[in-house]
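Dropping a structure here in structure tokens format, bear with me for questions.
Labels A, B, C, D, E and F are assigned to the chains in the order they are written; within every chain, residues are numbered from 1.
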Amino acid sequence: MEFADYGRYTPHIVACYGATVVVIGGLIAYYRRRLNRALKADEKSGDVPSNRKS
Amino acid sequence: MSASPRFLRATFARDFAIATRSGGGWFYGLLFFALFATLSGLAIGPERASLAIAAPAIAWLATAFALQLASADCFESDFRDGTLRVLAAENESLAPYYVGKLLSLIATIGVPLICVIPVVFLMFGTPASDVSGAAALIIIGMPALLVIVLFAAAIATGLRAAGLLASLIGAPLAAAPLIFGVLSVKSLFERGVFWSPETMLVAALGLFFGVLLPPFSIAALRYGLE
Amino acid sequence: MSASPRFLRATFARDFAIATRSGGGWFYGLLFFALFATLSGLAIGPERASLAIAAPAIAWLATAFALQLASADCFESDFRDGTLRVLAAENESLAPYYVGKLLSLIATIGVPLICVIPVVFLMFGTPASDVSGAAALIIIGMPALLVIVLFAAAIATGLRAAGLLASLIGAPLAAAPLIFGVLSVKSLFERGVFWSPETMLVAALGLFFGVLLPPFSIAALRYGLE
Amino acid sequence: MGPYQTSWNVRARDLGCDRGGRAIVRGVSFTLESGDALQLFGANGAGKSTLLNVFGGVATPAEGALHWQAGPAASWDARTPQRQVLFLADAPSVKAQLTAHEHLRFWAAAYGLPNGDRESAISAALERVGIEKLKDTRAERFSAGQRRRLDFARALLARRPIWLLDEPTAALDAQSAEVIGVAITDHLSAGGVAIIATHATLNAPSKRLAIG
Amino acid sequence: MGPYQTSWNVRARDLGCDRGGRAIVRGVSFTLESGDALQLFGANGAGKSTLLNVFGGVATPAEGALHWQAGPAASWDARTPQRQVLFLADAPSVKAQLTAHEHLRFWAAAYGLPNGDRESAISAALERVGIEKLKDTRAERFSAGQRRRLDFARALLARRPIWLLDEPTAALDAQSAEVIGVAITDHLSAGGVAIIATHATLNAPSKRLAIG
Amino acid sequence: MLSYFANPSKFEAFARKGGPIAFGIFLICTLVATVGGLLLAPEDYQQGDSARILYIHAPTAWLSLSAYTFIAMMSLIAFIWRHPVADVTARAAAAPGAAFTALALLSGAIWGAPTWGAAWVWDARLTSMLLLFFIYIGYIAVWAAATDTARAARIARILALVGFINIPIVKFSVDWWNTLHQPASILRIGGPTIHPSMLWPLLVMMVGFTALLAWFVFVGARADLIAQRNQRAEASAPSRPLDNPTAIIDESPA
């Protein structure tokens, strides 16, 4: 078995795994950015996050 | 509540007046129906066989979209000008309001649609003997479609681009009655059976949605206000 | 006028911002397209033959209705809040305004539509080799559809019967490009001819309406104010 | 308008309101008895309309509490206070397609006015705000002030003991503003309560509360 | 704002306006020179807004005529008077989806403001009407008065010698009304002309014309 | 348990610790499963190497259903008990749910092209899955289209609950109707029916993707909670009486 040779299905598998990496990766980046933005705003308001009652 | 029937009547009278005055949604819905049917007929071409195959799908789709368009901003104006807030505060239940809206929708778009649906079947070469049956099948599906479009309108009320959002919300729900509705008409055409299992299913869906969706729609209207 | 390009750019930028904001029109026009195609597919059912017959009609209708919905109240908000009055008084010509609107419509709904039209053909079982040709045929028809929906929107603006008149006027105008557009796709599918007479006609209609309608739309906007 | 049946008592204690997740108003406290009016003062954006929404039961307060109490607490249930309230928002709730008369007929039903009274009450309300001539004109042909007068006619129609008015005199001419001042005074002397957000000086006697 | 380049002269002679086929206003005559303000008085529905629409070139007069004349009549063509006019209607023209800054950027282009000035002019206008903090907030989150202030910022931006203002201070708090009074006074002393429909008493010196 | 997580700050603390753990599980599992699925597992005797799409298709499809079920459950909790955290977690699961649905559709289409000879057929499984995608989009659109998040939350709850009726349809469509799509062979009553050498990477991948969903919920919900708290904290001046204060204020304001 050659490394990562799926014969005539190679394009299918590449497309499928590639799309997954792109979509999931993009979404992970987006969620991280959202969290970081919220954290930054939180720091600016000068309080330790979990110690404040809401 | 003794006030409820009066409140219902007032809502109906007002909405009916607004809808039948210039610029009402009902005409737009009807026009969409006619336009959709005509254009699809033209698009499919003159062959009777293809027309006959397409007829049930087109009649059902046209009905669903016409109802959707006519009802899309059904609650929007009352929400925006604050009327809905007052009504919600005044009444334990918005049910009379909802029913008034539903009735006015039936009167302004449901009934006109029922009148033109047979025409569409005739245009698509359905044998005259089947036309009334086919139209009746669509009428059986209308309750489900009506409560679905009203639910979608209730959810979208007060949100940005409400009318368009409503079609996004209504479409997945309308899929089931649509599919089985088309199948029921097909089974009428092909096997001459009116009360086919599909017809039963459409009726059952009408019952199911008719019980399920109004409370959710009313809840959406009220909780949307708080 | 040195001010015109800037005015055009400003109109475009503003409308583009409004449309692409959350809840803006572009997203919903596109979604309407997708929902329309999906529901039609559902209604038609799984048989490949019926799907293939319906594909051109559905793709064209979906495009036309998506454009119509996305543009229906294109000028309405500017009219209602008085912006249009000021713009009409400030400028000899509303042409930059019109072009700005047109461009923003193209950017926010035309381009997204072009991206999803091939998907719809694929879902309706069009052979992969025909898909890009079919999509290209619809793109050829888009200019005509765009100026027609904008014309309908302009006519309707400020008239009491806004929606009603828009569709009354838009529908017959749109019929011609739609019919020949569907026929052009059919002739591509059936005979493999891209530049069929129907295609030429669609292109010619685009040119004809493209020259004829914008001045009328601009005039309608201005006279609607007085 | 006959005097209201029961006497009312409205108390707010340290009320706070949020909007869009942001704190808008904090620490609002007052007590109003039958016959009292409270005028909310404050710059644009201070939170007057937000506060009125909370009083009207449309929004829930973020902190603190609002108490309504009828004199004889006999017919009291959770929703009763809402039924005592008339709320006019800052933009008139008028449908362009309806005539003044149709508009008020709807509201008469919505406020549960008995059918017998209806027509005379509508005529009286229209006359009082001075638009009886526009009775059968659709609101799309009204001027800005005429639209607001029609909205105020609703207050006269509803006969509620608690009025919440958001800028009732904006866009009104001096004479109409006077008419509304008199209507409010009448309302108060009949034992009503009124909470009014306005930038104009009100013709009716009132307590004043500065917001923000 | 620098003083306006030319001096202006606005004359109305027996002007009449119709609306929906009905005669609304008749026999309006006045003359305004640079530095004059005219305040239109009248009950609701008298025809003030209708008249302002005619002045703004939006509607045509049913009878009589309106003349605009620039001092040195050099750069004069049929549409020029329109270009000298700033018109604020009775309802603010503000798009809910746009931020204050985006709104004014559009208007700057519409009024043909040079690009270089734009940002500073926008900031100055926002600051003058006191909503600089809302620069990047979408108008859907504005209060009624904030929305009207934003609308007035357009007047400061446009730098037009002729102002037509329809109820510029409705829904504004006293301080903002004061700011607008000062802005009008500045405008007049820079050689501008203003025609203002309002029910409030204006802080700027003005002639008065009763309508209806 | 429920009331523990209903406290936003406790949930925040929990999510702060849980996030990295979930992400770690996700990384390890997907890495192992990818190696297992692409290199170690044998090719399918019928479908050949195309069957390796299964390792994306099945987990994403499964999670698209689980994520919606989670949203519906949280919406129910929020609807009945009005727990503020429930709304936020439901919202956080929506975008990943939609992404999983899109990936399941895409991988299915890619897989269908060679094996069925068509990327798309209008059968019950595929169609109901497409509708699920639209339901996700509708749910996300409701959140995005509201000016006021509290209002959006209330409406979104109701929509999520009604939309849930589609989930059993997706799940059981293969049993109820004649579909081209194969019936369940793994998540079925009576145990899986595929060969263990192909099964283990699939199961590991499912664990990994589930951990990923958890991470999304932790991070998304935390971001929302922090943002909410920040906005509230913006102080605003207390109101004061203008004249005869004693008549207005019965208790002096704090």
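By our rule, a contact is a pair of C-beta atoms (placed from the backbone, for glycine too) under 8 Å apart; a residue touches a chain by one contact, two chains touch by 3 or more.
This structure is a prediction, so every number in the text was calculated from the model and none was measured.
The minimum number of touch steps linking chain B to chain F comes to 1. Upon removal of chain F from consideration, the remaining chains are partitioned by touching into the following groups: A | B, C, D, E.
Ranking every chain by how far its Cα centroid lies from the centroid of chain C, the top place goes to D. Measuring from the averaged C-alpha position of chain E to that of chain F gives a distance of 53 Å. Centre to centre, using the average C-alpha position, chain A and chain B are separated by 42 Å. Centre-to-centre separation of chain B and chain E, using mean CA positions: 47 Å. Centre-to-centre spacing of chain B and chain D amounts to 37 Å, using the average Cα coordinate of each chain.
Across the assembly, chain B contributes 22-23, 159-161, 165, 168, 171, 175, 226 as residues in contact with two or more other chains.
Within chain D, contacts with two or more other chains are made by residues 20, 42, 91. Shared interface positions of chain A, defined as residues touching 2 or more other chains, are absent. Residues 21-25, 28-29, 31-32, 35-36, 38-40, 42-45, 50, 53-54, 56-57, 60-61, 64, 69, 160-164, 167-168, 171, 175, 178-179, 182, 186 of chain C touch chain B in their complex.
Those residues of chain D that touch chain B in the shared complex are 56-60, 79, 82-83, 85, 87, 89, 91-95, 97-98, 102, 105-106, 108-112, 115, 138. For chain F in complex with chain B, the residues that touch the partner chain are 127, 131-132, 134-135, 137-138, 141-142, 145-147, 151-152, 154-155, 157-159, 161-163, 166, 169. By the touch criterion given at the top, residues 151, 155-156, 158-162, 165, 168-169, 171-173, 175-176, 212-213, 216, 219-220, 223-224, 226 of chain B touch chain F in their complex. Residues 22-23, 27, 31, 34-35, 38, 41-42, 44-46, 51, 122-123, 125 of chain C are the ones that touch chain F when the two sit in their complex.
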